[in-house]
Amino acid sequence: MSPVLPLLLAIGLGLAGWLVARARAWTFKRAAPHGRIAALPSYHAWYAALWIVVPLVIWFLVWNGIQGQLVLNYVLASPEAQALPEFGLRRDAMLIEARNIANGIDAQVMNDGAYALAEPFRQAQSRYGLIGLAVSVIIGGAGAAWAFLRLTPDFAARTKVERLVLGALLLASLVAILTTFGILVTLVYETILFFGKVSPIDFLFGLQWNPDPMSSGAVDGDRYGAIPLFWGTLFIGAIIAMIVAIPLGMMSAIYLTQYAHPKLRAWVKPALEVLAGVPTVVYGYFAALTIAPFIRDLAVSMGASNASSESALAAGLVMGVMIIPFVSSMADDSIAAVPQAMRDGSLAMGATTNETIRRVLVPAALPGIVGGVMLAISRAIGETMIVVMAASTAANLSANPLESMTTVTVQIVALLTGEGSFDHPATLAAFALGFVLFMVTLALNFIALRVVKRFREAYE
Amino acid sequence: MVMHDTAQSPLAEQAQSNEAAENVEPTAVKMRARDVSVFYGDKQAINGVDIDVYQEFVTAFIGPSGCGKSTFLRALNRMNDTIPSAKVTGTIELDGEDIYSSGMDVVQLRARVGMVFQKPNPFPKSIYENIAYGPKIHGLAEGKGELDAIVEKSLRRAGLWDEVKDRLQDSGTALSGGQQQRLCIARAIAVDPEVILMDEPCSALDPIATAKIEELIDDLRGNYAIVIVTHSMQQAARVSQRTAFFHLGNLVEYGHTSDIFTNPTQQRTQDYITGRYG
Amino acid sequence: MSERVTPTRTAAFEARLKKRYAAERRFKAIGLSAIVFSVAVLLFLLATMTINGIGGFQRAELRLDVDFPQMGLSLPPEELTVIEAQQRLSGQGLREVVQFSAEQTMGAEGAAQLNGEAWRLVAEQIHANPGILQREASFWLPTTEDLASAYAGDGQLELQPLAQDLAERGFLEDNFDVGFLTRADATDPQLVGIWGALKGSMLTMIVTLLLAFPIGVLAALYLEEYAPKNRWTDFIEVSINNLAAVPSIIFGLLGMAVFLTIFPSMRSAPLIGGMTLALMTMPVIVISGRNAIKAVPPSIRDGALAVGASPVQVVFHHVLPLALPGILTGTIIGMARALGETAPLLLIGMRAFVATPPSSFTDNATVLPMQIFLWSDEIDRGFVERTSAAIIVLLIFLLLMNGLAIYLRNRFEKKW
């Protein structure tokens, strides 16, 4: 059953139900004394349509799930299936090929046996397709019948429809919880699997990071020490990037809000927004193509022989530039939230503008600014593309910004885009790293959002 | 010209008793405004005002809401400079020196002409730091001891010392509204200004706190020229020696407080103080 | 009375004042330079991309003159597809014809630098216009990557004289390459295009929009209008706020572990990519949606309730239409972010080499930023320019989207 046909069926039946129910409600309305019935005709229409479409959609989802298995069972029970090999890749490949032939998809066919199986596949599919269609029609009809039996002039269709709408709203907002929950369960599950193979102590405190996705047999816990990754992440994201972003972002915000002519502000603010909208892959390309070689050459010309072309400095600098608009807009908002009376009070004492800014405005805005910086750090350490493109994959525990370093996100990408199998500790390690990253950013965001909120409320 | 009712209203009595207790003639003119107009963009908020503010006197500005009292007050220490659209014409002199001339420094001007706002606006710092702020930025104290002395003196003069001496490190925003306003006055006098401008300093306070501030204003009068904007005619009558009545951006009448309240020369003043509008 | 000398009128005060003003000027200068620096970086980035990228919209092409009547090629009159025409012409020796004609005009060395796929382009043109088989025709055809880089001034040094010679004789020039916008990925930078990735991006964005927009708006309505104030609501709020700030790569991990387990055959399909990005975009839409809904004044709700509308009617007839511009602004911004996103898609496998543009939501596909990432890994010089050109295309899309969002915000920003 291709997904188009049932969808058309659902829409068609629903539309028909909608129209008929509305027409019927109008006849109720005309017949009723004073032309009043309990609900508007359109609510009758929606009530009927929902009773038809919702059960149908649920049925399609269920049927889609089980139909494949039913077809397969039918095929396996057919006499042609006796020729199939017992287990293994060839068996699976033949089944897939047979299905492709049956569906008229001309993909490569390596196993001639597949042709024989195509016929049972065709039979099974048309058979279950028909069954599915028949049940669909029955369900649609039943839903329609149910709805129409209940639609009478004094039926409160509106309350029913509205209750459903409210249910849908609630469901939509549960998606957020489901996502959070999904992330947590996934990460925790894989992390536990990982800790079954590598001890958490080795992972969290080990100094050597050198996983081998191709290895088999015994797991060497010494290869999974994540300290160099944590250090690289902090060094690039929370130190180098922040050294660039905090002063530049803060000073930009201060200049724009306190000194700049409105015309300059009208131009620079959107420019900064553009800077914030540039995708990180572009920054990454910029870092790898322009900044990293430049820094390497500069370092070499100044006598640093071991300067790497994948230096932490290059990645950190570009990441800092990426974060500038973010810091600037957070600082801008925080300073703007300080009441004008503070500024006036200070200026009226004879303070100069910069004294007012440094001694009154910034201290008053500090909680907001600190919250903003925490969000910025959380962003920087979770940033992936810049470091994937400009930083290295070699773990290196060093404080020299000219050396290459790697980060948590780089390793997640490296481990998961490699060739390792799904239950290899190297693959699982990526999820454990993801878990650490998630928890750290979660904590940062959580605290930062609270601090910012409290700060905003203080001046409201 | 309309003659005022000879029967003395309590307001007028108060104004007279207040003035009678003081020297009637001013010693010197501290600030002199001549033909001052203030514009917000194209809109004129003050129209050709002439006024003298006297040393050791309290001058009250009264008038209906929106008549330009705050605008004119802010012109006196150039706080209007912070509003991009505001423009001032005419001359305002402080000790004979034009405060809008290029030779006048705004920072120094504002240090000499302090200001207290309608809503108490202590900085979100400790009480101590609030008072020490002015002396620190202007470099008026050498060392911690001197600074402590200034803080104590200012708080004492503002009548707040006994209430806060044990919690100088608490946040200034944790004080009650009346205490906050006295803190702001203490903050203003900590830099030892010559003129203090107050824009409705009691409008956010209860009667008891108001009474304290009024007492304070009376105490301070000996050292400063004080200008106070108020909506309370009783307050103007109680604390001031000179009163200026503004209406629609014009200075309608300016003179002895007792005269304004007993014997106004203008119909509009008469109407206002008898509560016919405002 | 004697003139009182206040401390603010002393000479010492004035001396300090000079220093304070100097500090003021310094501070202001630092602020200005921070802005100048930030804007300069933006300009430098855009300039680098533009200068590199302009070359990416061009390619080095050789002029080929063919005297068709001499060659005895023919196409049957019936309707053929391009592929069929290519096969027939190839069977009749089109490749040799192209090679021969090239050698005739440019010499063997030059002919060797004609791109191996050049004959296909000739066949395409014959297919489009069979009439040219009756006359002499001239084509501009891509060179090999080697000659292209030699012509650009680097690459193999020994090819540079040849490039110079061919250029002088009018056989070699850089031409605007329309095909860059209509082709898909390839291994030869002379033959790559971004249409495949662009189409993948569009399909992915459609899925994202169809999922994130309704869910986001409904959730925003629920939280702002109906949610009771209790722990559950708090929990939903905290979840959404945190999801909006969770690193995008985490969504990739989720997509990989959940979506790819449920649909193992759809690695690299726009459907899965779109679903993953929808999870990421939905919180952004919820947050901006809530702000827009919050901005609708209560008086409008009261007014509608007062004439007897039900709470659902109030929201769908009055609140939602008024909040819609704000919601749309947030949606566009969220979609722009999703359009530029790479990291989560990297994990769910949308990094395949896709040489034919995807035609459905379940085909193998890649997206524009991913194409940029993939090309940036190539060492060929030709790819550097192509990458920058692709970046320009991506930035144009993002600029348009953000511009639209800013326009909407300004146009509909109402002060109630």
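Letters are used for the chains, namely A, B and C, taken in the order the chains are written, and counting of residues starts over at 1 for each.
Here is the rule we go by: a contact is a pair of C-beta atoms (placed from the backbone, for glycine too) under 8 Å apart; a residue touches a chain by one contact, two chains touch by 3 or more.
As the structure is a prediction and not an experimental result, all values here were calculated from the model.
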item	value
Category of the chain touch graph - line, ring, star, complete, other	complete
Comparison of A-B and A-C by number of C-beta pairs in contact, larger one	A-C
Interchain centroid distance [CA atoms averaged], chain A/chain B, Å	59
CA centroid of chain A to CA centroid of chain C, Å	19
Residues of chain B whose C-beta touches two or more other chains	107-108, 111-112, 137-138, 191
Residues within chain C bordering two or more other chains	8, 20-21
Chain A: positions in contact with at least two other chains	350, 352, 355
Residues of chain B defined as touching chain C within the complex	27-28, 55-56, 105, 107-108, 111-112, 137-140, 191-194, 223
Sites on chain B touched by chain A in the complex	77, 79, 82, 84, 106-112, 114-115, 117, 119, 121-125, 133-134, 137-138, 184, 187-188, 191
Chain B-touching residues of chain C, taken from the complex the two chains share	1, 4, 6-9, 12-14, 16-17, 20-21
In the complex with chain B, residue positions of chain A that touch it	262, 339, 341-352, 355, 359-360, 363-364
Residues on chain A engaged by chain C in the complex (per definition of touch)	158, 162, 165-166, 168-177, 179-180, 182-183, 186-187, 190, 247-248, 250-252, 254-256, 258-260, 268, 270-275, 277-286, 288-290, 321, 324-325, 328, 350, 352-355, 357-358, 375, 378-379, 381-385, 388-389, 409, 412-413, 416-417, 430-431, 434, 437-438, 441-442, 445-446, 449
